[in-house]
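One structure is given below, represented as structure tokens, and several questions about it will come after.
Chain naming follows the written order as A, B, C, D and E, and within any one chain the residues start at number 1.
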Amino acid sequence: MLINCVAYEDGTRLNELPVEEISDYLARPGCFVWVALRDATTAELDVMQEEFALHELAVEDARKGEQRPKVEDYGDSIYVVMHLVEPDPEEGYRLGEVNVFVGPNYVLSVRNRSQQDFLGVRARCEREPELLRHGSGFVLYALMDAVVDRYFPVVDRLESELESIEDRIFDRGAARASIERLYELKRRVMLLKHVVAPLMEVAGKLASTRGPVVCEGNREYFRDVYDHLLRINASVDTIRETIATAIQVNLSMVAIEDSEVSKRLAAWAGIFAIATAFAGIWGMNFARMPELQWEYGYPAALALIVTTCLILYRRFKRAGWL
Amino acid sequence: MLINCVAYEDGTRLNELPVEEISDYLARPGCFVWVALRDATTAELDVMQEEFALHELAVEDARKGEQRPKVEDYGDSIYVVMHLVEPDPEEGYRLGEVNVFVGPNYVLSVRNRSQQDFLGVRARCEREPELLRHGSGFVLYALMDAVVDRYFPVVDRLESELESIEDRIFDRGAARASIERLYELKRRVMLLKHVVAPLMEVAGKLASTRGPVVCEGNREYFRDVYDHLLRINASVDTIRETIATAIQVNLSMVAIEDSEVSKRLAAWAGIFAIATAFAGIWGMNFARMPELQWEYGYPAALALIVTTCLILYRRFKRAGWL
Amino acid sequence: MLINCVAYEDGTRLNELPVEEISDYLARPGCFVWVALRDATTAELDVMQEEFALHELAVEDARKGEQRPKVEDYGDSIYVVMHLVEPDPEEGYRLGEVNVFVGPNYVLSVRNRSQQDFLGVRARCEREPELLRHGSGFVLYALMDAVVDRYFPVVDRLESELESIEDRIFDRGAARASIERLYELKRRVMLLKHVVAPLMEVAGKLASTRGPVVCEGNREYFRDVYDHLLRINASVDTIRETIATAIQVNLSMVAIEDSEVSKRLAAWAGIFAIATAFAGIWGMNFARMPELQWEYGYPAALALIVTTCLILYRRFKRAGWL
Amino acid sequence: MLINCVAYEDGTRLNELPVEEISDYLARPGCFVWVALRDATTAELDVMQEEFALHELAVEDARKGEQRPKVEDYGDSIYVVMHLVEPDPEEGYRLGEVNVFVGPNYVLSVRNRSQQDFLGVRARCEREPELLRHGSGFVLYALMDAVVDRYFPVVDRLESELESIEDRIFDRGAARASIERLYELKRRVMLLKHVVAPLMEVAGKLASTRGPVVCEGNREYFRDVYDHLLRINASVDTIRETIATAIQVNLSMVAIEDSEVSKRLAAWAGIFAIATAFAGIWGMNFARMPELQWEYGYPAALALIVTTCLILYRRFKRAGWL
Amino acid sequence: MLINCVAYEDGTRLNELPVEEISDYLARPGCFVWVALRDATTAELDVMQEEFALHELAVEDARKGEQRPKVEDYGDSIYVVMHLVEPDPEEGYRLGEVNVFVGPNYVLSVRNRSQQDFLGVRARCEREPELLRHGSGFVLYALMDAVVDRYFPVVDRLESELESIEDRIFDRGAARASIERLYELKRRVMLLKHVVAPLMEVAGKLASTRGPVVCEGNREYFRDVYDHLLRINASVDTIRETIATAIQVNLSMVAIEDSEVSKRLAAWAGIFAIATAFAGIWGMNFARMPELQWEYGYPAALALIVTTCLILYRRFKRAGWL
């Protein structure tokens, strides 16, 4: 689905143009074409391939989708794949994809399986014509910056989820819930890792002085994106490591709780066992058991049993078993 | 066993040719020979070595089999080893091997211990003669692409196996089955890892601008294969890490379940111990135990015992022990 | 908030100057301007950007804060971000930030969210004019050295906290407290790691012979800072590894204690069970149980019970179960 | 102990020569000397050092033994240390050592603490004179190839030992034996790792185009050895990782078994506790317990007890506790 | 404290010289000065700085101590820090430090907090004047070699401590002692790691062809030291990995023992529970319990109880629970 197809001259918006005229505008010096597609059909991609003279392999990748974030350098043009992360009530996350083809005087972005548009990026670029004069590299930067900016809230949500788990991890009886949540969190973090880490590599390549030609003059902007990704990546790694530790701690907590239950069980079992043993002895049927005939034998026996139990109880209490 | 032995000129199929004429065709300019063997005997390999003037070490490797995926660069020709993964009802997987010798104007592929043929690759190349004009490097790419494409369903199956384990990992009583399946899965993943990781290295070398000469002009195709392998490799690593976490979680789940059983055991033991202790006391044979003579002593005693047990029961219930 | 804005000539302090005259002084040959801001407002940063002709992206980073420690090289000037770590009663640590812009003849430092000032650095530099003659690179070194020096007590505190945990880790009943403290310590160590490791990278770049131009002639000083950071980093890694081991040991200790409790429970349960079984047997109501009629049947029975229990007790004692 | 001391000319064996004449033969153009020693004494090594003009440090290393596998490059000559692994009934393995000094026209091998000779290597080289014409580099390759070939059965034995452990790892009651065997296996694997990994490095250096001069012209042979070592190393790493997983699984299995025992214990304890409680109640001595006087009170009571126990038994059975 | 201050000419000892004349001797061509200090005071270091014209940062490092092992290259001179490890009854180890300043014709060594002297190194060098002719680089090598040689017994002691733990790790009841010893051992190994690893880096730099100028001509000696450190480092890594495995094994052993105790507890509990249940039943007070009136009811009952218990006992015995 075509969203925008606009030509610019010296940073100023000329007009929306029909798709078939793209190649004509590309031939005009000083002219810059910026096209945005969404969930493009094969037919639309074929037209674009012809108009922009895109590399066959790149178009095939865009058609098939499910690529890793990457940059392909075809000399005068590059092809960049980025992932979008959108919250999804069921799966936790849904991954979208942005394919960007960047040539000396054009940018073609194809967005797949994602609700997030980039109209804000275009609006910002049109508001500040001096930015558009930096060329197609700057537009790529602006798109990339927008994508990366949307990772921050995702990381924040992961971090607060982790914190909410941490708040309960030392609570008694929370082990089962914690471990399930940690496992689920781990899954999400790994998904995000696979979104962020390769894109960081991409940004690094674009920022490098030996990077693609179309990014020339915008290296510092890409370095800025690279720094953002480095930060996100560090956060993701911290979450991962913390989850690993939390799982271990969870196991320790279960063991500790179990140990406490064992102690309590042992303590009460001991107390009742002693009472039962005493009662059993005076329940024996020997003919001559003098204390059974005593006036106050029974209360004395009860008192003895209760006292013994109380002494045991206090000792266990002191030892921290009860 | 010889499968095909065909000469091409300008991308068009000339004819099947007898093995002994290979060297003659190789000497003709513009001519290209593509031979496919399967489970080649030593004799067959010797003939091929002579006809194609293959390097002794490469032929020895092909003869012995059991190589790691690798590429050997002999200047004007290269030798590539790839692994094929086929499902096997007993072992989980069976590994096959494809040895490819690539020279300036020939490709010789030797497939060992595998049911998967590459007829489709040849058919595709013959259908599109302009592709064959890219030379032997392109044929190597086409073979490699076919091999790598067959890894995807293998990874998919591993992923769905992992998901099916994950679905049950938090179920009570599933621990033993889960751990056995995780262990088995781990074994398969490691096998796949050893198939994929070295081949990724191979693809990287072929895609690099300092890679072998015969791949010149097809670098972008090999980069595409490399990207696919990178994706597979990332999936494999994710599975591995998830398995590791799942094993830890499994242990936690066992510990949690054990802890729950301990609590329940402790609770019931406590309830019955108190009943038994009471009964034991009134079973003592003291001469003067006034309550034994009461009209409603017995029902009162029963009521006391039951009430105490019920109170305990409710407290344990509330504490989550029962 | 402006803290200092001073011009120097040949290492000697000239005078405090109004912010607007900075650019004039910068134009005077042999003149050096050193400005310190604290929790700078956007307006203040805008003035600084104009006066020092700072790079837009760097100023934006300084404005937003929350950067990773890093160095940005803009040819003749650089931008360095460092973190300050301050103890905080609630969170454990609070992170501050120092942004330093260094040009050929100026240094601008912006300190955010931190109580720690750098007046001592300026005082030391003013006391020893020959140091200031090393130029802006030396001032950057002095600031960095001051920042890094403040990491040492933080590491020391982490180490003594770890030691105090270690002192109790083998104590009975300390498992719950230990694991909570270890987890909290881990969190702090990882925070420190993210402060130290990227700064080490920064110091490494500044010390390298291919590092920024403004550090020329002060390479050895930055190598010294680098060595300090290497040392801190090694300590942090040691603490991390020790925590990981300690968590494992903690789990082992819980398991060992639990095992000891199980043994004790088993031992006492056995002793009482035997007493109860004996008593139960003589409590049976068979008509003909000759020993029940014996003169000393009861004491003999008691003696038998006690003796059996004592024998058991001694055997358990010897086996280390009690 | 001298084993062989032979001179060759153009790949053909000339004759056994006395040790003192080595230097004379070395001076003759086209002549090649190959000497093999075993458990050489200091005196023998001194003679060799003089005759071959060996580097002092290399000779000292050969004398002391206990070196890591390594290659030392002294310009026109190199010194290589390799390890031999021999099964030993007591320790599991015994390490031998081969020191090889290689110059432009000589090879001196010194084998220490090993029963494995290299007569086969010499025989093969003498059978195929065209091989010996490749010079001393080829002889080094032949020795190295022989050493590495002997690692394969060692790895195979480790793998089958691991498989035999794996076969029993999920068996009940095998935990103690498994963990002891895994630990022992781990020890052996690590020993092998320290034999293989550094030698791989050595082979890599010899195969590299910037490797020692004496290997010039035999690079592809060393690359072949390198590939073998890569394969062995990958196997070793797989074994290591599998052992690590197996140890974790072992722990899980112990925990699972323990949990099963706990459940069974809980179930039987519950069943008997209820029987005992019932019996205790009817064993009380209240004056008015009407059911005691019933005609069929006793059988009814027994029936009630047995029925209750059976119901409990069936419920536990269904829940998988029994 | 000054230990030696000697001048050499052409490798021969000239005479002890007063500290103030050092700079005079340094100016004499062909003259070489070797000074050794111990726990040097600030004053002594100041004199040395002046006489040898040492770099300020290096002297400051030597003064402060607590450096990581490192080498600082100041063009014509270098500064090396090495650590000494000495057994200490209380702490396990005590770390000493050797600071060595090496210039074209001098060596100054400052030893801190260590009982180990280097008189043997000097004696050896003086005995073999041709060694001293290699210059200051050789003396540095000799010192370094002496330091590294002293690491070997330390590693040996760690290894035998580990072996003594391993000997008992599978013993019953040794878990607590083992885990404490493993933890302590781990601490020591990590300390040694931080001594060895950075020094290995130092030796690597000195051995490299692009290393400091003063080591020119002695590269092979430093490579020898490097190899020794590589070996020590590998041993340390092996110990570390073994400790990690041993800790896991320890946990497994505790779990296994605990499981065995649980089984035994369950078995005995079952046996006694059945005896008590039987006794309880015949202890009931029903009016009509015919077997109670039987002539041999009591012995029959006893026989039944004992038989049941024995049957149970044998079954548990066979199942390995007892």
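Keep in mind that, in the parts below, a contact is a pair of C-beta atoms (placed from the backbone, for glycine too) under 8 Å apart; a residue touches a chain by one contact, two chains touch by 3 or more.
As the structure is a prediction and not an experimental result, all values here were calculated from the model.
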Both chain A and chain D are touched by which chains? B
Angle of rotation relating chain D to chain E [CA atoms, steps of 5 degrees]: 70
Distance from chain C to chain A - Cα centre to Cα centre, in angstrom: 25
Suppose each chain is reduced to the average of its Cα coordinates; what separation in Å results between chain A and chain E? 40
Residue ranges of chain D touching at least 2 other chains are 248, 251, 255, 258, 262, 265, 269, 273, 276, 280, 283-285, 289
When the ring is traversed from chain D toward chain E, the order is D, E, C, A, B
Residues of chain A touching chain C in their complex? 169-170, 220-221, 223-224, 227, 230-231, 234, 238, 241-242, 245-246, 248-249, 251-253, 255-256, 258-259, 262-263, 265-266, 269-270, 273-274, 276-277, 280-281, 283-289, 320
Within the complex, chain A is touched by chain C residues 55, 57, 61, 67-68, 70, 72, 74, 173, 175-176, 179-180, 182-183, 186-187, 190, 194, 244, 247-248, 250-251, 254-255, 257-258, 261-262, 264-265, 268-269, 272-273, 275-276, 279-280, 282-285, 289, 291-298, 301-302, 305
